[in-house]
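Okay, got some structures for you below.
Two complexes, one shared chain (subunit A), two partners (subunit B, subunit C).
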Partner chain A sequence: MMGIFMAGKTKEADVIKKLEELGQKMLSQIDAESSPTFTTALRSKGNIIYDEGVGYIRLGGKTEERKFVNVGQARKFMQTVAIAAKCKKFLKEGAHTSIRGLFYQLKFSLGDNLDEELFSEQSESNPLVEDLEVALGVKREDLNLNTDRKGVVAGPLVLKDKFGGGEDIIDCTKQGRSGWMIPSDVDNGMEFLEVGADYVLVVEKDAMWQRLNEDKFWKKENCILITPKGQASRGCRRLIRKLASRKLPVYVFTDCDAWGWYIYWAIKTGSMNLAYLGSDIATPEARFVGVTMSDIKDYDFLGQLTINAKEVDIKRAEEMLSYDWIQHHKDWVEELKTVLKTKKKLEQDALQGPRLSFVGDYLREKIAKKKFLA
Partner chain B sequence: MMGIFMAGKTKEADVIKKLEELGQKMLSQIDAESSPTFTTALRSKGNIIYDEGVGYIRLGGKTEERKFVNVGQARKFMQTVAIAAKCKKFLKEGAHTSIRGLFYQLKFSLGDNLDEELFSEQSESNPLVEDLEVALGVKREDLNLNTDRKGVVAGPLVLKDKFGGGEDIIDCTKQGRSGWMIPSDVDNGMEFLEVGADYVLVVEKDAMWQRLNEDKFWKKENCILITPKGQASRGCRRLIRKLASRKLPVYVFTDCDAWGWYIYWAIKTGSMNLAYLGSDIATPEARFVGVTMSDIKDYDFLGQLTINAKEVDIKRAEEMLSYDWIQHHKDWVEELKTVLKTKKKLEQDALQGPRLSFVGDYLREKIAKKKFLA
Partner chain C sequence: MATVTDKIFSEFKEHSVAEFFKKNQQMLGFSGKTRSLTTVVHEYITNSLDACEEAGILPEVSVTIEELDKDSGRYRIIAEDNGPGIPEKHIGKALGQMLAGTKFHRYAQQRGQQGIGAAGCTMYAQITTGKPIKVVSRYDRKKISCEISIDLKSNTPKIMNLSKEEGDFGSGLRVEAEIADAKYDKSSFGAYEYVRRTALANPHLQITLNAPDGEKAVFPRSSTKIPEKPVVVQPHPLGITTNDLIDFAHREREFIRISSFLQERFARVSPAKVDELRSLVPDLDFNKKPSELQWHEAEKLVKAIHSPSIKWIAPSTDSVKPIGKEQIEKSLQNILAPQFVVVAERSPKIFKGGIPFMVEAAIAYGGGAGKKAGDASSSEIIRYANRAPLLFDNSGCAITEAVKSIDWKRYGLKNFDEEPISVFVNISSVYVPYTSAGKQAISNEEEIVQEIKNAVMEAARELQRYLSGINREKERHERKKAILRYVQQLSKDLPDLAGKGKPEEVEKKLVHLIETKYSSHIENAEEEEPLQKEGQEEEEDIEE
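For the complex of A and B:
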């Protein structure tokens, strides 16, 4: 699958051209007295594949064609065309908005001819915008639509943010206790000036990131310290992907529980709802540094700091063990079986038990000895 | 009520002294063969007051005394003393952690003699830590305990962050699309070098903040643009309070719905669960700039961009109208009655309907004409 993220400079012109071509194709269809059509990749479950060969979740080859002259599709078709027109306008104005902002622009133009629920910020899938992303081979970020942003960075990474015609230099070694907040779009109008790190460490929890930042772990270890603050946003996954493409190893540090496992696998292989972004947001090279139940063998005290696994952890462990592909990850199988057997789990915070700075020693040792789950 | 936030320099020494005094008092009680005691303000509903005179929620004068020699209190008492000891250690080490990190330090020392549920990050009240905050007259941030951070700033504000012995200068006019992320603690080790703004604008939604940041609203209007990203964190409320204390007017811009109203009133008057912080996090000077149902009179198009009020909005409007103090806010009474009558609500995003940059024009006009709800 080809990457659909585009280089900064000529992006607007390229995307506008693609939007215009979409319109021109429809106009020719009308001229030829046939119904305008719109072709997009099928994004339903039957066309989502975990491709073991490449190591990430992607769409298969199935497509679907929407017809304007179809009672069930006419309204959505019109809405899609209206979205395309709005996005072209945003690109020409050089202004960004959110899905919700797009919704109100459309509501202003179309009135009640609008499926409000398709534009909910809460809804993870905004199907009409996704249609357009997939059909055009661009991302919504390229259509000047911002996504929810989350996550923070510290370490040897210097960026030039050319947002809004400006030129702000962001040095991620000089952001104090706060760190640099990962934006929605880390491609357009953004230049990586210096990436001087030896590796990338992704830490599930913001509280743990703050702990490591206070100890200047990123300085001592010359790494880029990222927290997605839980599940990684699109922007955060894309940033990790971009750093991995510069040959930086990526290590992920989460709780040993359902949520932590999900965060790791989503960074590594992508996720079902973003299958259409495939290789652009997945980092199959990522390795899992901890915490693991098998850590208890090496760090005795962790045995007394386990807590009871919840139902969701047990269910998730069972589910993961039922996948075929997990059998190629023997360490993971053992790990999940230990959770099921002991009905216990471990949080990354437990590494602060003996002393606050212990977590840094743990990470140093595991990374030096390459004690990873793949 | 006196402010309990402390100036940076001598903070550690002061807090350590307070912790030691607490311990010494208990030791003298033991020497005198009486049970150690611990006095703290009562934080239950009966001692929480909305003080109309000062305009914020605070604790009343009731206190309670915990006794070590009391079957129902001995365990909690021991845990409180253990927390005090740990916090003293953190202060001496100059290291911070989260409530969850504190939990694991205690679990390492105390084993199962610990009420895990009191240290849940999810729980808004971590009662034992609150006990200590109130009894000592310090904040948990002064005890080196980080709280959840959230919220972003752009505009003419320059800070020196002396975190971890460093000296990072953060210029909030040079943070690109990202902004400066508001930390847990905006008091200790933090200096405001320049505050060159005419006012502070607090914008409920991050997406709207990004819209205004892209239009450089803060530059054109010379204001400090803050988003709490929904409900304001402790650090965000404290920052707003500190800026208001420098005589900057504070204007709050939220949705016209239950959530938006709550965000405004919590910034202005504080909230029940943080009543013990009283004047330190409340900003009674804050004014509500919009959106309001009465905006529809001045901006016709908003009439077609209302959406249906949800049950929670209706219930909250009814509840607010039942308060005595709301009767002193006639504009609010009218606003809430309009929502109940029309069963409609308005989102701040609706101001992007006619064009993306309209929201800036709206804010400029309302602020210039001082069209606020108090």
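For the complex of A and C:
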């Protein structure tokens, strides 16, 4: 089951069953006078691979057995079981919490005679949540653990949100200036009713999203306009993935700098930390629409609006050029070489230089002419 | 009893050297205040032990030291034993005549070898306080009391105030000497340490020390096995010095030719060997009287004896009488109460081409082992020659050299000097090669140093096994404890998670499981590796 996530909706009952089976296996191991164990995929660097065939970062086949009767693992094992038991309780109660909430639920003394807490730092519990996700083949959202919401949507998308005993219909064309905020879980209790868009546009910055929303760009272009507000959250990436699975092209619009590239590649290929989620959050189909250094050739004014690249931008460009897989992306190699040559960068805000709504024209033109970096 | 006693003392022979030793007290161990007192205690205890061994008696010795005047270092020393006693006719020679002792003219492995001992104490008492020693000897339904001093000019005993009683008094000797220019202390050179170490090497001895500070130290015996009687052996030529040779030759009365003297008085000297010597020393007349042997001739003869062209048959190793592995172990357990004790027993070896000797080495670790100063421990090297403690001349001794040359780190001791360890080494030989007449250190003969080192290292290997065992056991215990502390919580959560099972039952099974896995008698083939570090190279700011 490892690494293969239950597609789409995981019924709470199924997850509870998985949790119970995990516990029952441990009990029968104890009955057989052997140490209780569970198996999880190794999430260390040595088992994280960029799979060129599928175009995203995923875990390799290395697994690891966690044992209770092992002095190096006993505490973590006990903690993992405590998390699992707690999550089962959340699922039974239909209650959700954050991993921080979970941490506080489990931050208590192990006993009067023991000067030790079950958990004393959240940094201890976070990786164990991941262990459990991988061991059970579920996502933390399936365990009723929320992450912070981040990311906003506007455009022709209608959803049904079953939550807290109620049910709401959300129409993303009717969310005014603020848009619909992407929840951490877009799978459980969340259903796409209508997806009427031609494509998805992901815009790095909230300010740029507000510009395009005010210009009703999504309405004119019939697209779903998303901003992750910087790095994309799990929920945001998952939403993008789900939309892409509905055959919608995904275009990403970021600054031409280290941070922007990172946001794009994280959406496209996933990331090291979330390698265990692999195909669930990666969108290899995503295309980079801009801003690029080569845009300067087409838009003279941009030449005046470059700013000096920071050291981190240069380093990141050099690092990316050193990857084998980037060599398959010729456009990117050119782009990065230009950055290194000119030591300049371009922000997406620069496209508001001529006039505020120029950015819409820019995007329309680039998408129409399919001027992407792939 | 009487026959045994008579037999011992019939071997007395006369010698006149009292004047010489008066001028050279240091040769007898009378140098320095502490050492002088220790020497007196040493001589009396040694005599008691040797006499008891000869007579087949389990020795019980009591030593009382009274401080009479601190400024002049005046002490009364009373040594009392349950030995055979000394018959009246021998008592003067035994305690009032230098070099008249039983031991001087015999070759046997004994504690004292020069036969100066007790008479030397009489002399020391006489020249520091002017007082004779007081003696009570009980033997053969008799009890005689007297005072003894030495006429230093003629080296003859003076017996005064002699009184006799008949009746059943058992047997034993009580000697009381008053000396000055002495000092009692508990240093490693003091009388206390001497008694303690004597007890360590003589498990059959029960000894009590009544110290001037009011302390009564009792060292009970741990064994009722009396050591075998020393075997009297003829000297082997290889063990002889020019001085010895002259001494023997000039005392020879029975054999009238040097050739027959050599053949009859020394071990392994055949007529053929005499012929070989003859050809090596052609200018010596082997037919002349032994008493006419000149120093320069004796020198040549000894040189010839050591000539590589002569192949001597090694002397019999029967003469070597060790303490015994079991005895040493019992004794160290008894007196030091250490956590661990190991004794290395080696077979007799040969030095200087033909002299047999045997090394016994033991290590006591932890508990009462080592020197104590408050809570701090330090190592001690306890040296013996034929069971007699060697307290002085520590640094010049083969035993010290050998022990110090060992790389103790290899045996699990990080800092040898600061470990609670007693290293015990006893060298048994008829011819212990002392560095000087004081007999407090063994000379650094290469074969001896190497053999001591081998013996101590053999014991050290066992110590290392023990220490690593402790560490393993400790580690096992730590591991067990580290896991057990999480059992309760896990036992609570597991039934919740599984939706079945009872916490108490799960806890019981888990505890059993862990106790079994970490019990000391089950070795686990499965090595535990620390938990793998998680790869957290890339931090993302969205995980909160």
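Here is the rule we go by: the second predicted complex is superposed on the first by the 346 of 374 C-alpha atoms of A that agree within 3 Å, B and C clash if a C-alpha of one lies under 4 Å from a C-alpha of the other, contacts with A are read in each partner's own complex, and residues count from 1 in each chain.
Methods note: contacts are C-beta pairs under 8 Å (C-beta built on N, C-alpha and C of every residue); 3 or more make two chains touch, one makes a residue touch a chain.
As the structure is a computational prediction, the values presented were derived from the model and not from experiment.
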- Message: Looking at A:K216, would you say it contacts subunit B, subunit C, both, or neither? Reply first, second, both or neither.
- Response: first
- Item | subunit B versus subunit C as contact partner of A:D206, first or second or both or neither | first
- With the two complexes superposed on chain A, say which partner A:A74 touches: subunit B (first), subunit C (second), both, or neither. second
- Item | subunit B versus subunit C as contact partner of A:R100, first or second or both or neither | both
- Figure out whether A:M272 sits in contact with subunit B (first) or subunit C (second), or with both, or with neither. second
- Task: Tell me which partner A:L22 touches in the superposition: subunit B (first), subunit C (second), both or neither.
- Result: second
- Query: When the two structures are overlaid on chain A, which partner does A:T283 contact: first (subunit B), second (subunit C), both, or neither?
  - Reply: neither
- Message: So in the superposed three-chain picture, is A:L114 touching just subunit B, just subunit C, both, or none of them (first/second/both/neither)?
- Response: second
- Is there a shared patch on subunit A that both subunit B and subunit C touch, and which residues make it up? 98, 100, 111, 116, 148
- Message: Looking at the complex, which residues from subunit C come into contact with subunit A?
- Response: 478-479, 482-483, 485-486, 488-490, 493-501, 506, 509-510, 512-514, 516-517, 528-544
- In their shared complex, at which residues does subunit A touch subunit C? 19-20, 22-24, 26-27, 30-31, 33-36, 42-46, 48, 64, 68-78, 81-82, 84-85, 88-89, 98-100, 110-111, 114, 116, 118, 126-127, 147-148, 150, 230-234, 266, 271-274
- Task: Sort out for me which residues of subunit B touch subunit A in the complex.
- Result: 90, 93, 95-98, 100-101, 103-105, 107-108, 111, 116, 121, 146, 148-149, 152, 159, 161, 163-164, 166, 168-170, 174-185, 206-207, 210-211, 213-216, 301, 304-305, 307, 347, 349-354, 356-357
